[in-house]
Amino acid sequence: MNPVTENGTTERSTERPAHERKEPTYLFTEKQVAEKGELARRFIETRARLNANVEKANNFLVKRFYNIDHNAYLEGVLPAKTKELMGLVASACLRCDDCVFYHAIQAYRLGVARAEQEDSLNVALVVGGSIVIPHLRRAYELLEELYA
Amino acid sequence: MNPVTENGTTERSTERPAHERKEPTYLFTEKQVAEKGELARRFIETRARLNANVEKANNFLVKRFYNIDHNAYLEGVLPAKTKELMGLVASACLRCDDCVFYHAIQAYRLGVARAEQEDSLNVALVVGGSIVIPHLRRAYELLEELYA
Amino acid sequence: MNPVTENGTTERSTERPAHERKEPTYLFTEKQVAEKGELARRFIETRARLNANVEKANNFLVKRFYNIDHNAYLEGVLPAKTKELMGLVASACLRCDDCVFYHAIQAYRLGVARAEQEDSLNVALVVGGSIVIPHLRRAYELLEELYA
Amino acid sequence: MNPVTENGTTERSTERPAHERKEPTYLFTEKQVAEKGELARRFIETRARLNANVEKANNFLVKRFYNIDHNAYLEGVLPAKTKELMGLVASACLRCDDCVFYHAIQAYRLGVARAEQEDSLNVALVVGGSIVIPHLRRAYELLEELYA
Amino acid sequence: MNPVTENGTTERSTERPAHERKEPTYLFTEKQVAEKGELARRFIETRARLNANVEKANNFLVKRFYNIDHNAYLEGVLPAKTKELMGLVASACLRCDDCVFYHAIQAYRLGVARAEQEDSLNVALVVGGSIVIPHLRRAYELLEELYA
Amino acid sequence: MNPVTENGTTERSTERPAHERKEPTYLFTEKQVAEKGELARRFIETRARLNANVEKANNFLVKRFYNIDHNAYLEGVLPAKTKELMGLVASACLRCDDCVFYHAIQAYRLGVARAEQEDSLNVALVVGGSIVIPHLRRAYELLEELYA
């Protein structure tokens, strides 16, 4: 992370040049993840099937939203790994199993360690409370499968 | 971040030894932050006053919760900086101005750059949608003050 | 929609006479919708079975709530179609699959076009953010079935 | 609204040609609304001031999100009036006072009647429950001012 | 509480006769509470002023909702005290300061002890997580005033 | 409940001595509940299986959170029964089926009557709105099974 200057000032953020927002490098393909076990496979396949249906509809605004969503997790000021884990925290706090699975898998594909996923989920648990626990349980079941 | 081993496996997480959960090193005191401007000062003072009132009540479970909350952001598997930014993302997604201010200030105290705070808020904006915008506006007002 | 008068004033809202809150005219019965495909059929049947169980309990307050809920979507100042689509937007924002399915089916039964359902879901997507996407995917799967 | 064809089918949604997504025609400027009273004026001025600060930051993703947000409420398959009221319902359900104020003002500027705003808020109240009431109260205070 | 019969069966709930849903007996009037301090007074006065404005609008569905809301907290199968504390827990979990204040004051008016209010807030804190803390702080400030 | 003293004052809450926070006495074991029917059995078994997986991970902060969560529902200032019903209300408001099932079963095990469960769910329905209805339906299905 860039250090703050001595008097606590940093340059104002400016439009990031295109080359700073680039695709992350994945260690594993979605296909490789799907082979790790049933939970991952079923999630990836269902998501692909439903997304194909959304794409067929060709809705202008949905396509733009998907695009901006894709952009949010590219390598940028913060590494893609960190942002996928932030997506995981946000998803667990907002209690969306599909989103938790998606970001946990993306983080895995980027080489994030299991302990890092757990440390992220801890932030979500403390911020979001016991209502997060059922989602935490299902997330741990997936982690068990991915990091077996 | 610890790399995943070649076959996509990492050791199972185990209880972190005490020395791995240690207090982070702050570049700035709360007092120094309060001097950055009105928004920060008012937030820090109000929070201190209300927390003193909570502490006076000496409620067993509240004290334990505050303690676990404190533990969640210590240096651990993930750096404190990253976890404060995760707290920021979670707070913005769940739309809590006080929590957004708290974590933005903590991140600032740890030396996080403004651009990193913005990149984190972007994840919250995309995950949480336009309903996050009013909180984003107030967060940017604070960032303007902190990083002036 | 009733135009606002030239100086931006409208009459104050007053209790709507009973005849202005009337049942909408459905183009299709629930049974006809259930025959459109598996998703619709399963949703309608499960909902009917569980509602029968609730009715059997004969709880005073639940019955009153169901009654007020029914009233909110009648033809009124706004057409029932518009209010069902508003129910769809609210349901998608609050991320309740059952509620999304219910209002999408009600809107369909009232003759709402698929493009209107999508335009409504777009408002929910932008307001509610990417956390809405899994629900959007399932909604599109239902739309595909209904408007086949 | 476009009728559904006799067998319950409509054409699949397709990318809306650019000319179908056009700016709505406002009956009143923001300045005229601000002159209606203190609540409206303060909201509009604060929002403008904070938005200016966000714009100054020139954050790439924020700008794109603002752009897609703007697009969601243009005249399209559904009239802008209807979508602003949907934005109002979503905002009230998700309990964001600023968002409620924004959409109520936008709807007013487009000539929506007070009774239509109330009918929309009723959907939000029933879907979102009594937790919406404090926001409803503040919304009614604004409506009183706008439609005086 | 009515014991469950030995084989774990109870009679099915049936419509509660009118006399079982009766107004609770308050130990203190709203006016007396308002005299306890600034926080209580300001809350009670603002709420009364805004409610008067809502009542003036005379909206059919709003009036019905207010009525059902009133009914939910009457003496019934559970004592009014318990239900006001449940309203407090729900309000704190859903993070609505106005609702927290309302139910804390109602519970106080019914003679609920401070320690009981705290025990209820603890359930909300654990279920809802650290995002509840800012609301807890403000609730404790009110409790300090009420139980001075 | 402890009465408030005549001038509306109670002693300040203080740390509850350990003997005041004690395990509640259950009328039924989890095993007995599981034998009541399919819904209960499947819920209890799945939860046990997933919790075993979480425990295996031995995560420090998760264990502490589980511990504080356990403490929140012990016999204390308020009876365990009341707090389990508060947990039910919070779970229904926050719309978590697993949590609703958990607290409904705990309340049943403590001898809470069905009518008391319904009265609690009514508070959740009114506070949380119609979005709670799908969860209410599933809760009633479980109640039907438990109190058969």
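When the chains are written out, they are named A, B, C, D, E and F in that same order, and each has its own residue count from 1.
Keep this in mind: a contact is a pair of C-beta atoms (placed from the backbone, for glycine too) under 8 Å apart; a residue touches a chain by one contact, two chains touch by 3 or more.
Just so it is clear, the model here is predicted, and its values are computed rather than measured.
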| item | value |
| --- | --- |
| Shared interface partners, meaning chains that touch chain A and chain F | B, C, D, E |
| Those chains which touch chain D and also touch chain A | B, C, E, F |
| Chain whose average C-alpha position is farthest from chain B's own | C |
| Magnitude of the superposing rotation for chain E and chain F (Cα, nearest 5°) | 180 |
| Chain whose average C-alpha position is farthest from chain D's own | F |
| Interface residue identity across copies chain B, chain D - same or different by half | different |
| Of A-C and C-E, pair with higher C-beta contact tally | A-C |
| Mean-CA-position distance for chain E and chain D (Å) | 32 |
| For chain C paired with chain D, centre-to-centre distance based on mean C-alpha positions, whole Å | 19 |
| Distance from the mean Cα position of chain C to that of chain B, given in whole angstrom | 39 |
| Junction residues of chain D - those touching two or more other chains | 12-13, 56-57, 59, 61, 65, 68-69, 72, 90-91, 93-94, 99, 118, 122, 125-128, 130-131 |
| Complex interface listing, chain E residues touching chain C | 12-16, 21, 56-61, 64-65, 68, 71-72 |
| Touch list for chain B against partner chain D, complex | 95, 118, 122, 125-126, 130-131, 133-134, 136-138, 140-141, 143-144 |
| Partner chain E, residues of chain F touching it in the complex | 1-4, 8-13, 27-28, 32, 36, 68-69, 72-73, 76-78, 81-83, 85-87, 89-91, 93-94, 99, 108, 111-116, 118-120, 122-128, 146-148 |
| Of chain B, residues touching chain E in the complex | 47, 50-51, 53-54, 56-57, 59, 61-62, 65-66, 69, 90-91, 94, 96, 98-99 |
| List of chain C residues in touch with chain B within their complex | 93, 125-132 |
